[in-house]
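A, B, C and D label the chains in the order they appear, each numbered from 1.
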Amino acid sequence: MLRYLNGGESHGKLLLAVVEGMPAGVPLTEAAVDLDLARRQKGYGRGGRMRIEQDRVEFVSGVRKGFTLGSPIGLLIANKDWKNWQEIMAVDPGPPARPAGDPAAERVVTKPRPGHADLVGAIKYAHTDIRNVLEKASARETAIRVAVGAAAKALLNEFGIALISHVREIGGIPAETSRMTFLEIRDATERSEVRCADATAAEKMIQKIREAKEKGDTLGGVFEVIVENVPIGLGSYSHWDRRLSARLAFALMSIQAMKGVEIGMGFEAARRFGSEVHDEIFYDESGRHFYRKTNNAGGFEGGITNGQPIVIRTAMKPISTLYSPLKSVDIKTKEPFEATVERSDICTVPAAGVIGEAVVAWELAAAMVEKFGGDSLSEMKRNYDGYRDYVKNW
Amino acid sequence: MLRYLNGGESHGKLLLAVVEGMPAGVPLTEAAVDLDLARRQKGYGRGGRMRIEQDRVEFVSGVRKGFTLGSPIGLLIANKDWKNWQEIMAVDPGPPARPAGDPAAERVVTKPRPGHADLVGAIKYAHTDIRNVLEKASARETAIRVAVGAAAKALLNEFGIALISHVREIGGIPAETSRMTFLEIRDATERSEVRCADATAAEKMIQKIREAKEKGDTLGGVFEVIVENVPIGLGSYSHWDRRLSARLAFALMSIQAMKGVEIGMGFEAARRFGSEVHDEIFYDESGRHFYRKTNNAGGFEGGITNGQPIVIRTAMKPISTLYSPLKSVDIKTKEPFEATVERSDICTVPAAGVIGEAVVAWELAAAMVEKFGGDSLSEMKRNYDGYRDYVKNW
Amino acid sequence: MLRYLNGGESHGKLLLAVVEGMPAGVPLTEAAVDLDLARRQKGYGRGGRMRIEQDRVEFVSGVRKGFTLGSPIGLLIANKDWKNWQEIMAVDPGPPARPAGDPAAERVVTKPRPGHADLVGAIKYAHTDIRNVLEKASARETAIRVAVGAAAKALLNEFGIALISHVREIGGIPAETSRMTFLEIRDATERSEVRCADATAAEKMIQKIREAKEKGDTLGGVFEVIVENVPIGLGSYSHWDRRLSARLAFALMSIQAMKGVEIGMGFEAARRFGSEVHDEIFYDESGRHFYRKTNNAGGFEGGITNGQPIVIRTAMKPISTLYSPLKSVDIKTKEPFEATVERSDICTVPAAGVIGEAVVAWELAAAMVEKFGGDSLSEMKRNYDGYRDYVKNW
Amino acid sequence: MLRYLNGGESHGKLLLAVVEGMPAGVPLTEAAVDLDLARRQKGYGRGGRMRIEQDRVEFVSGVRKGFTLGSPIGLLIANKDWKNWQEIMAVDPGPPARPAGDPAAERVVTKPRPGHADLVGAIKYAHTDIRNVLEKASARETAIRVAVGAAAKALLNEFGIALISHVREIGGIPAETSRMTFLEIRDATERSEVRCADATAAEKMIQKIREAKEKGDTLGGVFEVIVENVPIGLGSYSHWDRRLSARLAFALMSIQAMKGVEIGMGFEAARRFGSEVHDEIFYDESGRHFYRKTNNAGGFEGGITNGQPIVIRTAMKPISTLYSPLKSVDIKTKEPFEATVERSDICTVPAAGVIGEAVVAWELAAAMVEKFGGDSLSEMKRNYDGYRDYVKNW
């Protein structure tokens, strides 16, 4: 069973995670993870902080000489800005409380921002300083999830399973990619400032982001994750919580600011006749295998992978912090105020796609470990190869 | 921690579940569960089987004299049709295999239906008789999930938490309910043959279902679950898998045939400016509480309930079994065929809403038990009341 | 991942369990389970109830034509005495409370028995009728655990893994079996009224039980579970909760009335020099494999199976309900009383061994599924065979 | 739900853990954790490495200004010796393999030590360098478990729950503490070089350790953990895996080198008549509460805490690495050799007791969080106080 826990405040010393259950012998380097960390930080529409950070992972356990050990993998990502926050975020109680008027004392946050966890988090955890909420609820956490996902990708890569993500919509502007191949989408996306494979749409998206910036506003959008070369049979209909399609929805909806998810034809399937939706089954006599001409199911039947590419889209709401502020109420004074800007991104949908890849990769890796077992990569591969041959001869 | 496991084949003797972690002292009767079982079986567009079943739950453990005991609750739902399937579904190996041509021998299913788990399930589990797949992958399983959800509702009811569901779309025909109250939607829905609160739309939906029936086709749609009187603070941003919004998405997407889910403004939020999306925060001086004028967030901030109604919609694809058959391939002979009808529902979106209520109720009950602890209802209520007073004075 | 939940009150209608995660294609019959249920009911020193019951399992899901389906296995065991308890244990609220003096009203239990969960259970769950506690806390629950364990054994059996249990001590009388083989112990035990492989000791144990009976007293003892043909490599040192040795201790200590557990040399190892304890490693040139001449470790190194037999002993306290009663206090009146007899077993250590086999079998089956993966028995065997060959050539 | 994962190799850069589910507002300082880390490193019979280390914890998340935040707590413990191991334990693949004869190349470990995970770990994980096993299987891991346990103690401390451990046996020499109070045992233990409260026995234990050292041998022993002021009602009989007594056995047996565990009277209970074992129940009219005159049950009935002190003993086998070596076989050459010393502790039972406290504290904290719920310490205390008052008036 693959599992992990992560921690870390946005302006704390570092983010960390412990990943348990990864087989031994999987090639894994910090450099590979750093590539995804860099991909997460790019994208038109980002504010200033991204330039500060330049995230780098450090493995502190579970990896030796370039291979996993089978023991828990410890990952750290330093917060580069930490030196400026050491006093505010100090672990120790420190000296007595400062007098009012002192700058540090004034860093106590009492103004909740609409659309954030600020107000509900403070009530839930009985915090009087909203900093204690926003430091954890912040999307900064996604950096460590991307690192964990990159480790999962390293495992998937050994089985030829490949993931990409691309932006399908920003601010209502759709991309048209239906005639592009997996590799075309991948390459066009990696070249695009907004990680959109449709260059024409990308240009309009950038325009829209500019417009939002001028208005002091923000934008959301939709990204799509596609996975190729997935074996038939991951997930199960045997118990509801083993449906892999549902687990992917769980993982994607757990990313900050996500408000919707759909698989394959998704919501559109709800509007069509059945005869327009279900993917008919054919048999290739020469290659001796079953195949489909369509993939409206997005790679799943009965919650189980069916060998078609997994296609899943996620809707992200606009960034909750705007230059042109929203109305709110101070939790201490109960006075109304206009919510100020803590950070200045306009649109982070491109980055969200990279995060989406990571969480999908994690769930797939967990499903692979569950189905194929094995404590070492060689054992897992032996099991996988046996199954692949079985499927071929089915 | 609230948890359960369920089992049961579609034409087996019965469905069953064991629910563990329910506090002692919760009023719970079979009659209350049967109400939801009956609601699940209604709805225009259902085929013949629903009339056979008339599901009834039987508690076989964990409930005594009308109250939960704190011990695991055992639930059974008999399959009324079982007597006709006893031989085919027999547990014991029975007499030697029958000769070809024998009717029972011919009940071996080798023809996978597109859109079902049939093909992938047979490959995954190495079954040569697809009956071994379809019996479990069938939506018949949702009956026991509704029963488990009804037990969860009994707990929620003690805290004044109320759930409804209603159909928002069938076959592309939308319902308009934006100006209706919670109670108006509930009452109109319960009166509607398609569980749609907008009577005009309901009429068109019925027309559309008739049209589909005539074409030998099927329809999907969208249902919405709304929950009122949810306390602030269920779920958490502290770890990704504790975000209650994501857990609801997990649960809803785990229902057979669901292809998308969205919370609050959902996918539409991805198309708007931030200033149009985030719910501003206000303070009522007289009532001394925070409030919102909008609920675009659908009841969640940071994955935590914010005291607003939970609003979540789920997209269901059309029923996968059509009168006008789909192309497929026999798994034994590898000959193409046209997939035949195993059951004859045209549209089950109304029932899906009731199932949706059940799985949402379960997740909320689990979140309540996690936050408020307590081994008896009286202890849990004492804890809840203390928190409610704390929130009032916050 | 193999998991299960069980439920059922001691005098309720039935006991039930749902077992999830068993691979498809495992041969499994009710008759095989009934054998272990019968073994659990035997043993010198049992009181009257055992004769009533004659437990039989019924599979209601997950098994068809003698093989598992890969879907959850539902198991029921009827409580034969149920007809006499229907009113007292009724699920429904029933008619209004009876007047004092009415026999049924007097079945409310307010007298907690020392050594049982009676008092603490009533406080924890806010019960005023201790029946609500004792019905679940009762060792009657072990019948369903034995049934679940028998299903686990069916899986283990496919891999040649064999479990036995035998009584090592009753009332301080030790058995001497150090020179007996696995099969000798098994056969002698199955023939013994007290499930003790040492016939001389068995005779003394029976005498001691007679003595206890005459005194109106009860006895405990120690049983040992031995497992042969366990593959090297189950469990892991990689995270504390994956040590299989510790998981076995967990499972055994979770059986009612168990107060201690030890593996291999156990507590005695704590009293010896290291040079007397650790099992040296040798290599057989001709058979080309590593071996040991001793098994003080009891089959585990680093919490992982090392290919040696698993040997684990569990200490059971005497039955808590005595003919010669213990002092206690009525929870309603707060008056002292002398605790009366609810059941009349003198010693159930022989039965406890059978239960011990069951819980050990479960943990081993779970560890096998985790290591070897696979959704069908054929897939799991293919993986296992590959690993076995790898170990041979190591 | 309280949960954690930990990682870290013995000679890696650091040990780390992520603790999730701790309520907000719990006072927690690194200094408090360091006290327990220091207690773990003391004890007569330790070898050289302990002097190097002087473990210090660093909180890197989840704690601010001396209080927990409710977010995951990240803990690091640096391995002081890391600088000498950087090349051998390097994460990156590094330069090409060194020629034979090169010292670094020769650090490849191919000689498995009896009693360690060396051989089975290498087989399980397909490692050819046993270093990849011993680095994780090492008891060095217990340092981070002690740190996690210290955080758990910080929570328990807020509820007045106090834990101690003391050595009951070393090398067969028993301590007599039956007439000492909790505080007397605690104070005498903390003063003792072998953490034994019986000064006479302690002297003999030290003699025995000296003797073992002279012989080049090692010793094990038995330690006891005692917990006072535990509320009635932690754990449950409702499902086997919720019995807190069994969970404690799980946790203690998961510590490296533990071979047995017993609660209260333990194995001795198996040798007595029931009338000598069960703790009778009395009622104090003036104080209006139930009480016992004995605690043979060790604080548990039905797997639930009964308000009596928890008393649990664990048997540790002798250290597996001896100066006078054990026979073994090289995994590469298959040549026999005599197992060499990697470290030089003679007896670590005193330290094991401190580790035992930690794992018991963790399970109790988890049980407290489960029963009392609450996201902040103030909420948890409010719930606890309500329950305490209820129990008083029961």
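What we mean here is this: contacts are C-beta pairs under 8 Å (C-beta built on N, C-alpha and C of every residue); 3 or more make two chains touch, one makes a residue touch a chain.
Everything numeric in this text was worked out from a predicted model, so none of it was measured.
A.B. asks: Both subunit A and subunit D are touched by which chains?
C.D. replies: B, C
A.B. asks: Could you pull out the chain whose C-alpha mean position is farthest off from that of subunit B?
C.D. replies: Here the answer is chain D, farthest from subunit B.
A.B. asks: Name the pair in B-C, A-B or A-C that forms the same interface as A-D; by residue number, over half of the contact pairs must coincide.
C.D. replies: It is B-C that reproduces the contact pattern of A-D.
A.B. asks: For subunit B and subunit D, what's the span in angstrom between their mean Cα positions?
C.D. replies: Each chain's C-alpha centroid was found; their separation is 44 Å.
A.B. asks: Which integer distance in Å separates the CA centroid of subunit B from that of subunit C?
C.D. replies: Their C-alpha centroids are separated by 37 Å.
A.B. asks: Taking the mean of the C-alpha atoms as each chain's centre, how many Å separate subunit C from subunit D?
C.D. replies: 27
A.B. asks: What are the residue numbers in subunit B that touch two or more other chains?
C.D. replies: 5-6, 20, 70-72, 124, 126, 136, 233, 236, 238-239, 375, 379, 390, in rising order.
A.B. asks: Under the definition above, what is the set of subunit C residues touching subunit B in their complex?
C.D. replies: 3-9, 12-18, 20, 23-25, 29-30, 59-66, 69-74, 76, 89-94, 124-127, 132, 135-136, 375-376, 378-379
A.B. asks: Which positions of subunit D touch subunit C when the two form their complex?
C.D. replies: Listed in rising order, the residues of subunit D that touch subunit C are 5-6, 112, 114-121, 123-124, 126, 133, 136-137, 141, 145, 169, 171-172, 212, 215, 217-222, 232-233, 236-241, 243, 245-247, 249-251, 253-256, 258-267, 269-275, 277-283, 285, 290, 297-298, 301-307, 315-320, 322, 324, 326-329, 331, 334, 336, 359, 390-391, 394.
A.B. asks: Can you check the complex and tell me which residues of subunit C touch subunit A?
C.D. replies: 1, 20-21, 70-72, 233, 236, 238-239, 369-375, 379, 382-383, 386-387, 390
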